[in-house]
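One structure is given below, encoded as structure tokens.
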Amino acid sequence: MTGLNRILRRGRTGDRGAYWFILPYVIFFCAFVAYPLIFSFVLVFHRWNIVTPMEWIGLKNFDRLIGDALFYRSVLNTLTFLIIHIPLQVVVALALALLLNSGVRGRGLFRALYFLPVVVSGVAVTILWQQIYSFDYGILNNILHAAGIPSVPWLVDPRVAMPSIAIMATWKNVGIYIVLFLVGLQNIPRELYEAANLDGAGTFKQFRYVTLPMLNPTVVVIVVLSTIGGFSLFIEPYVLTGGGPMQSTLSGMLYIYNQAFSFGHMGYAATLGFVYALVILGVVVLQRRMIEQDVSS
Amino acid sequence: MKSALKYAALLAGAVVFAYPFLWMLAGSLKPELEIASLNLLSGNFSLQSYAQVLLKIPIARAFLNSIIVSAVTTASVVFFGSMVGYALARLRFLGKKMLYTLILFTMTIPFQIVLIPQYILMVKLGWTDTYLALVAPAMMSAFGIILFRQFFMAIPQALIDAARIDGCSELMILFRIIWPLSRPVIITVALLTFMSNWNEVLWPLMVVREQSLMTMPQLVTIFTTGGQAETQLGYLLAAATLLSLPVVIAYAFFQRYFIESMASSGLKG
Amino acid sequence: MDVNSCVRLFLPAALCAAALVAGCNEREGSSPRAPRPVVLTYWPAPNPQEILLADTLVRVWNRLHPEILVEMQPIPVSISTEEVLLAAIAGKTTPDVCSNIWPGALHDYTQSGGLVRLDAFPDFDSVMSLRTPRELLERFRVADGHFYEVPWKTNPLMMFYNRRLFHEAGVLDVPSTYGGYLAAAEKVVTHRYEGGTPDVWMGDRDVRPIWWQRLFDFYPFYIAASGGRTLLAAGQPSFGDSSAAGVFEFFRQCYGRKYFPRTYFQGGDPFLLEKKATHFSGPWEVAAIRKFAPQMDFGVAPVPVPDDHHGPVYTYGDYKDISIFSTTTHPKEAWEFVKFLVTAQHDLLLLRICDQIPVRGDLLENPLFAAYFRENPAMTGFARQAVYTRGMDDAPDLKEIFDAIAQEYESCAVYGRVSARDAIREAVGRTNLIVEWNR
């Protein structure tokens, strides 16, 4: 009877216990999401190195950002990274997923191996690739040398360094996307292929008109995840190149870190973070539009 | 013929993904001059590089720090995340819709924007160079909450009603009735949280400067960039191997969980 | 080797030295009826030699001054000392005394009110005039007209060269100008050439655009070429002239003609392995050579200057100074301890244990130091050079200005993509942007 009463009471005022359930999150939200967000709006109008008193400088930070060649450079670098990384990621992941999905033996073992770099710490992977890319004695140049091909200045040529990092990032993350494609492939109804078969479509046509369109949602996910990942690029250039050669691998995150911690410009670093956030949102919205258009056309 | 080609391609892929790790392991055991060789074997294997790394940096302590930080954050994300997820899925209260929207909104905020203010908050609270700075901002995750909510939505209402009539409190319902049914989602959230905290390096670099409090990836990063490795390749590879080993061992045993968790995170993220 | 094991290793030696200096008066130290002592915290640099020195000095001090106990604690190992100190000022956890103050970061410390004004102590002038030449001391006066640091030690950047490699390549005179250096480099590099890459390089520098790396190539060369100028004059960039561009052009030649490698060496310090003929470094290198390459026949000379250079050759002196933090509750006692750290006796200990040059005018005249320089002739050159050194400007954002220079150095010198003149113009432009923003 009391149980029934309680349920009835709930009907009107809601569950009283519920507030205790959400209270910890509300506190957490205020401290670590809302406060930093609000504070970042304050910071962008200040010059401050934490130690000295905060100094109001109006729009000077934005003024500086507009004239800051390194800011544009870092955005450009990130876009360079994405333009290489995203297509490479999609093509390699899709190719390996199709291979794995074609009824081969040892599928689990191969999948596990391809996934291995995903779980290993990015720092370890970066140290490893530092040796792979090394000019004089790296694995890659050793292999090229054995094949009679001249060495490639992977990390020391300003035109090659960012593509090198993009290749490394693809190697590190492609495992996730293989698995995503595998899930996507398994969700395609067999009837579609059977119907296509009846219509006389060959393997390639089946791939083009059945598989690819059905995988479109997966591609959207991959593109968005890679984009966000690309804008958070930090440890790879931090360890491998320090942003060089000739600023060609200076990523947005690395520039923020340098401004904040090497130069003590908290206000300017916050301004950079703020503008990068806008750029990221802009790029993601643009991508969504482009891909959605692609689907509808 | 065609299937031979397929296997050749798959094997080539396997070599591309696995050989570098084997080379890293071999290099960490070889004397400096033999490291550049592509050959994985050598007659001169020794643990010299490891001994040097252990001597130069407190990596055992860093391992412990990483375990502490990752374990505490994981426990917290699962505990509080399931509570909020349960409230959102199964309880009625004022502002529920708003809270749900808010949580979804936090997932879309690029972290670049809050990073510096969060760091300053740590300084103001005097938490830099403490475990608190490493743990507190990671104690809850919007993503974990959403995963829990989605899973809890699918649990039959009858089960919960029955428990309520039996006089169970909501907390008891969550931990006695719901949790035992939610193994998959708990494993997913726990694994993802543990892995992301274990591998996190930017945040520790910002808030911890004392060597004895550094996490493993941070310590190895500083070892690499800070010149303590004296440009000895073997030391670097040994440090990288020590950093990878715990995760690779865990992966070897729970490979299926790793892959499934990561896949589900990708699909919903 | 990590710091702790080093301390353990050196401790017996340190105790002996301490006993010697203190005159073996072991029993006086711990009288149980003494009043509650003042306790000071002292942070030395976290390298093994300086920890050993600090440990030795603190033991002596505590024996002589039971009423003022000093606790030594090396600066926490971290990315950089400056970051640690700034964080400590922010968190009000600074020590009473620190002996690893880099003048380049002094501006941040003084602006935040983190340091005690030293010339407020009545005997500051008399103590300093005994040790440091007036002209040199004046360079440590900050913009508000006061002193916040005691110039403690300097590490003049000089050119080490390998006599055997020079000799084998037929280089007879030690190069002192850009022209001489490049000509010597040609001989050294082509002398032994294997498979397209030189077996021996003329030199090498970390090519990554890390700001402080430029303290070991561009900056000393610029100070030398400009006859002792620093980067700023009255808060404005003053390096937009031909001497800075000349330095860029010089390094551009070094990389362009493949006298310097563009990648890193692996497998140890190439100078110690006798894989490169010259090396720009400070006195600490002498100890490293003694330890790791005792067989090497080396010499030390001032850094090369433009061919038409006249007058003394200045260089960058990597200064590390002593300051008292304003969190101290016992400034007088702290000042007593600071004075204790810089007595002639203890400057000798600094030389002996750390092989670093105390900032004092009488190194080569005072008989106290004669034995040391007789035993370590290589150090005489540094002692002579020490008078002709420059430190850093008293300005905010020096690091970022150096970063701007490092970026342009990379494009111009290392990769040869930009002419020296354009690169310097770019660096000056960015420096203006930085200075302007900070006004």
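The letters A, B and C name the chains in turn, as written, and every chain counts its residues from 1.
The rule we apply is simple: a residue touches a chain if its C-beta (ideal position, glycine included) is under 8 Å from a C-beta of that chain, and two chains touch if they have at least 3 such contacts.
Keep in mind it's a predicted model, so treat the numbers as computed, not measured.
Visitor: Contact counts by the stated rule: is the higher one at A-B or B-C?
Guide: Answer by contact count: A-B.
Visitor: Report the chain whose mean Cα position is at the greatest distance from that of subunit A.
Guide: Max centre-to-centre separation from subunit A belongs to C.
Visitor: Where the centres are mean C-alpha positions, what is the separation of subunit B from subunit C, in Å?
Guide: 41
Visitor: What is the distance, in whole Å, between the centres of subunit A and subunit B, each centre taken as the mean of its C-alpha atoms?
Guide: The answer is 16 Å.
Visitor: Which positions in subunit A are in touch with at least two other chains?
Guide: Correct list: 50, 137, 242, 261.
Visitor: Scan subunit C for residues touching two or more other chains and write them down.
Guide: Correct list: 79, 83, 90, 266.
Visitor: Please output the residue numbers of subunit B that touch at least 2 other chains, ranges allowed.
Guide: Residue numbers touching two or more other chains: 123, 205, 233.
Visitor: If you look only at subunit B, which of its residues touch subunit A in the complex?
Guide: That would be residues 3, 6-7, 9-10, 13-14, 16-18, 20-21, 23-24, 27, 35-38, 80, 83-84, 86-88, 91-94, 96, 99, 102-103, 106, 108-121, 123, 136-137, 139-140, 145, 161, 164-167, 169-171, 195, 198-199, 201-202, 205-206, 216-217, 220-221, 224-225, 233, 236-237, 239-241, 243-244, 247-248, 251, 255, 258-259, 262-263, 266-267, 269 of subunit B.
Visitor: Which subunit A residues qualify as touching subunit B in the complex?
Guide: 2-4, 6-7, 10, 14-15, 17-19, 21-22, 24-26, 28-29, 31-33, 35-37, 39-40, 43, 50, 96, 99-100, 102, 104, 106, 110-124, 127-132, 137-139, 142-143, 146, 171, 175-177, 179-180, 183, 221-222, 225, 228, 231-232, 234-235, 238-239, 242, 252-253, 256-257, 260-261, 266, 269-270, 272-274, 276-277, 280-281
Visitor: Per the contact definition, I'd like the list of subunit C residues that touch subunit B in the complex.
Guide: Within the complex, subunit C contacts subunit B at residues 1-2, 5, 76-79, 83-84, 87, 90-91, 264-269.
Visitor: What residues of subunit B sit close enough to touch subunit C in their complex?
Guide: Its residues touching subunit C are 32-33, 55-58, 123, 126, 128-129, 205, 209-211, 222, 226, 230-233.
Visitor: Touching residues of subunit C toward subunit A in the complex: what are they?
Guide: That would be residues 79, 83, 86, 89-90, 108, 111-112, 114, 197, 207-211, 262-263, 266, 397, 399-400, 403, 407, 410-411, 414-415, 417, 430, 433, 437-438 of subunit C.
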